[in-house]
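Both complexes below contain chain A, partnered by chain B and then by chain C.
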Partner chain A sequence: MDPTVLLQQVVNGLSIGLVYALMAIGFTLIFGVLNVVNFAHGEVYTVGAFIGLLAITALQPPLWMVLGMVLLGGGIAGYVLERLAFRPFRRFRDEASIKSKAMREATLLSSLAVSIIVREALELKFSGEMQTIAQTYLLQTPIQLGPITITDGNLIIFGLSVASLGALQFVLYRTRIGLAIRAVSNNVLGAQFVGIDTGRAITATFVVGSMLGAIAGIMVGLYQGAIFPQMGFEPGVKAFVAMVMGGLSSIPGAVVCALILGVSESVATQFFSDGWKAIVSYSFLLLTLWFFPSGIFGSKKEKM
Partner chain B sequence: MTWSIRSLAAASALLAVTGAALAQDIFVGYQIPLTGTQSQYGEVFRNAATMQLEKFNAAGGVAGRKVQIVYEDSKSDPKEAVNIARKFVDDKRIVAVLGDFASGPSMAAGEVYGKEGMPQLSQTASHPDFLKVSNWQFRNITTQAQEGPFNAKWLRDGGVNTVAVIGLQNDWGLSATGEFTKAFEAAGGKVTTTELFNPGARDFKAILTKVAQAKPEAIYFAMFYEEGALILQQARQLNITAKLYSASPFYAPKLIELAGPAAEGVLLSTTFVADSPLPLVSGFVADYKKRYNSEPNQFAAQAYDAVGILLEAIKRVGPAATRAQIRDSLAATANYPGVTGATTFDKVTREPSKTLAKLQIKNGKFVLAQ
Partner chain C sequence: MSTRPGEQGRRDEAGPVKTRLNALLVAGLVVLLAGLVAYRSGYFNQIAITTMIFVILAASLNLITGTAGLLSLGHGAFFGVGAYAAALLSTKLGWPFWLTLPAAGAIAALVGAVVAVPTMRLTSIYFAVATLGIGEMIYVTLLNWVGVTRGPMGIRSIPGMEIFGLQGMVFNMAVTATLMLVALWLVHRLTHSYYGNSLRALREDDACADAMGIDVGRLKLQSFGMACCLAGVAGGLFAHTTGYISPESFRFGESILILSMIVVGGLGSIYGSIIGAVLLSVLPELLRDLGSYRMIAVGVVLFLSILFLPRGLVGEVSAIDLIRRQVKRDPNARRSAW
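Our next item is the complex of A and B:
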């Protein structure tokens, strides 16, 4: 086999993996704090892409302003999402209800409901079609590196993933609200006892997580040239797989696993038919769960 | 005196009855999705059908009698389609049916029409098995069994010896890749790689990298325009220089809107060309734009011709046409001059054959390829 082809496939895979990773960061953050799956994260991603698209079509601002608007819109979406789908199920603050499985499962379904409503509403308004994006905003300029080809979108998404991770680490470890988030993540009851406003910390988690999700949506939309109401589903599933492989609450773990997924899918295409590549990624998931039941990067001790 | 009054009354009643029968309209059913997620297609079909019907009635209808279309909303749901089929079959006025849109509902309704003996003409159902439901089904859409060999010959005539085929993994995509490959190899060409992808795929770089490795002279895309736009953009990002070919589903202004400069130079075949110089087509396009303030797409053209083919078939039989007579008349359709090219139904398989046009995308427009 031609080594440059293999190298190109690895690069292709890294660029897919980064897309999954960008999505997985916000997803894992919310899971890590609340221990519930936020099924609406895929729709936050879609909403982010549509906010960016509307901004581009209406105002033609420079890219950094588009990103600013998407960040703002994503934050608002996260706040509203938490208010609608999560807060109503956290009325009680005693230990039994905080640890209750029923409470967690209720939010699983309520977030799923929000995701369906948002997706269908977008479809009603914009139809299911891929939206037309002004060509100048697409992040698709090819860059030749010897025998390997990448695009400016790959570099920007890579930079953005690093920046997102860095910003997140900063918020979590250098700010008061980050401290509160980590405390809630560690033990909700304990956090309440020491006087932390847990409701506020949870809201902040959603706002930050959804900002990251929304930014991922617009960047991937511009990179792939595909913005449409169903766009959040597939990366959402892959981000979920990456999160589980990475050990549920480890953000760096989820990122590494997202990259492994992307590369394995891409390299698999070289050897099998493309239709079979999903088998490779899901086999990875199964193997991980068999040999590392708490994920590759998961801590041994059970949280919460 | 009483006798003569009575006979007069009887005579006039008889006259009234025959008069009413003479003036009675002929009814045709049309089932399409008018609500739901595919309503945008149903809307286009109804627009085009209205135009064709008005033109036909204005030109004298069937021996002076007007034809009316009864619309039913199938929501593109097979269950709903079957209910509508029962309703149409029970309605004694209705002599033939148009629709449905997608192959699934069309075939579900087709079971009823086949059993009850109602001619059915779909403008779009392209599933290979649609015409095998019964002898009562017809369609006005070319299948890949015609387009594939046509395109294969086009590539071979253009001196292309090696081609890679990338196709969508569903019924349609498999028949599109299969028919093309068969014809291309029969004509002495070599297919270097065949790659199929699952519906919903968005990243094609792995496939493209693999396919480009064998350095084919051309790549043939058997897919629709949304995936098409993405794969064209990614091929450009990977600096793939092979000639790019595709089939009629690429004929959509949206493809160029989405793919932009990446669509330049792509070659494709299609039956309907909106800026064709033929007066028949330009008249249709201008009239459609004037009425509905939008450009007619391939779907509008197919429905326009489907309605035309059915109306002509009824006209050939005459105003007292029965369902069985219309079926036979439809089966005899030959060289119907439509906006999607001259259409002939095959004597044995009832498959339509149409004249295909070769197009190329140049400067953001579909133009006739030399």
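Our next item is the complex of A and C:
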């Protein structure tokens, strides 16, 4: 096989892997603090893309302003999501209720219900088809880089993802609310005993996670030129896979696995037709679950 | 005690009131179906058949998710395996319907068992993720293995049901209704017995159940295989009654719809899965006038039922209730469902 083609695919895979990583971080953060899976995360991604689209069609602002609006909208979406689908089911009274299966399953299904409602509402408003995006905003200008061709979208995704990851590290390790989030994800009761407002920390987790998801949505929408109500499903599942491979609550693990997924999917298109490439991530998922039942980077004791 | 334990168990379960109620329900079903036939509307008949197929699917998912506590997010895919097996066997090999239907069940059970073996030691969320992955893999295979499944075009003109020259909509309905009743009876026997109680033990704490001497792996495999088999039969019915199938009918959304049915109806309850299945397959049809609002309505119903009815419309018969009822009815029973 031609090495330049391979290199090209690796570069494409890295940028899509970074998008999966941004999504996976949202999953992982939320799983870390609440031990639940947020099935509406894919819809946060879609909502991010649609907020960007609305901003572009209504105001034609510069790109950085679009991104700012998407961040804001994603944060609000995360806040509302937590209020609607998670808070009503949460009862941190004692050890048993935190680990209870009932809470986990109730929130899993309630987030699923919210995701159905959001997706169908978007479909009702905008119809199921791809939306038209103003040409000037598409991140598809080709850039020749030695033997391979990349687009400005690749560069922007790369830069923004790295910046977001850096910002996340800053929030988690340099701010008070980040400290609270880490404390809650370590031990909810302990956090309550030392006077941390757990409700606030959990809300903050949803806001931060959803901001990352929303920004991933608009970047992919502009990079691939495709914004439609169902767009959140695939990356949502892939990010979920990355989170599980990474060991459910390890952020570095999720990022590494997301990159592995992105690159291997992209390289796989060299060997299979496009339709089969989804198989790759699911095979990875099953192989991981068979050989490393608690994820590649998961600690042994955290067996669910 | 002169009766054998098996017989005694059965008598204990089906008290006279329950039997009368069930007989009444079956009679009601027959009257309803006869009414629909008399009304001569293909549309309503098709809804009735689809609803009954969903009742089978909901009951089978309830066996693994409600009773055994294994959250499966890929049930729609096994439904699809059954549908494709039946469709391909009858269109490509010309098998008659009475052979394709059991074959559909067997193939779905086999696929279920093969994928289940390695996932059996996974619990809770990992099991859910594994079934999600398997479901998507099956979907991708159905979509892309164009040589066999014809991919997104789907399979057309699948022969209808026919035995001894009997065929047509009325026959379809009768067969579907009969198989639905058989499936419900099967799931009822599996859940309201010692076997069902060991499945409940599995759900509450599988490590503890293991320590009590319950063969956790075998039990999970059996219940998963049986649920997949029933889903496969439902798929066969679907293929033969609609005459056309495509991969889109068996995607993640379908699995979620079935899951919603048992959540709304009540996890672990057979009456609950019937009510949930009827509600969620008839409701979208009733709301057809509202056009595209109907899927939103399904989402809202799901959300409200989780919020206000955490145990579903019909709660589960808990193991302790089951024992209490048996002891009350027959205080001298040597083998209660301990």
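Remarks
One rule holds in what follows: the second predicted complex is superposed on the first by the 300 of 304 C-alpha atoms of A that agree within 3 Å, B and C clash if a C-alpha of one lies under 4 Å from a C-alpha of the other, contacts with A are read in each partner's own complex, and residues count from 1 in each chain.
Simple rule for what comes next: a residue touches a chain if its C-beta (ideal position, glycine included) is under 8 Å from a C-beta of that chain, and two chains touch if they have at least 3 such contacts.
Not measured: the values here are computed from a predicted model.
By the touch criterion defined above, A:T132 lies against chain B but remains apart from chain C after alignment on the C-alpha atoms of chain A. Of the two partner chains, neither chain B nor chain C is touched by A:L59. Of the two partner chains, neither chain B nor chain C is touched by A:V162. Contact with neither chain B nor chain C is seen for A:L72 once the two complexes are overlaid on the shared chain. Judged by the touch definition given at the top, the superposed model places A:E123 against both chain B and chain C. With both structures placed on the common chain, the touch criterion links A:V114 to chain C but leaves chain B unconnected. Of the two partner chains placed around the shared chain by superposition, chain C is the only one that A:E105 touches, whereas chain B remains out of contact.
In the superposition on chain A, A:G275 makes contact with both chain B and chain C. In the superposition on chain A, the residues of chain A contacted by chain B and by chain C overlap at 123, 273, 275, 278.
Contacts from chain C toward chain A in the complex involve residues 69, 71, 118-119, 121-126, 128-130, 132-134, 136-137, 140-141, 143-144, 252, 256, 259-260, 263, 292-293, 295-296, 298-300, 302-303, 306-307, 310.
On the chain A side of its complex with chain C, the touching residues are 37, 85, 88-89, 101-102, 104-106, 108-110, 112-114, 116-117, 120-121, 123-124, 233, 237, 240-241, 244, 248, 273, 275-276, 278-279, 282-283, 285-286, 289-290, 293-294, 303-304. Taken together, the chain A residues at the contact with chain B in this complex read 2, 5, 8-9, 12-13, 15-16, 19, 123, 127-130, 132-133, 135, 138, 140, 142, 144, 149, 151, 224-226, 230, 234, 265-267, 269-270, 273-275, 277-278. Residue ranges of chain B in contact with chain A, taken from their complex: 37, 40, 169, 195-198, 200-203, 205-207, 209-210, 213, 226, 229-230, 233, 236-239, 254, 257-262.
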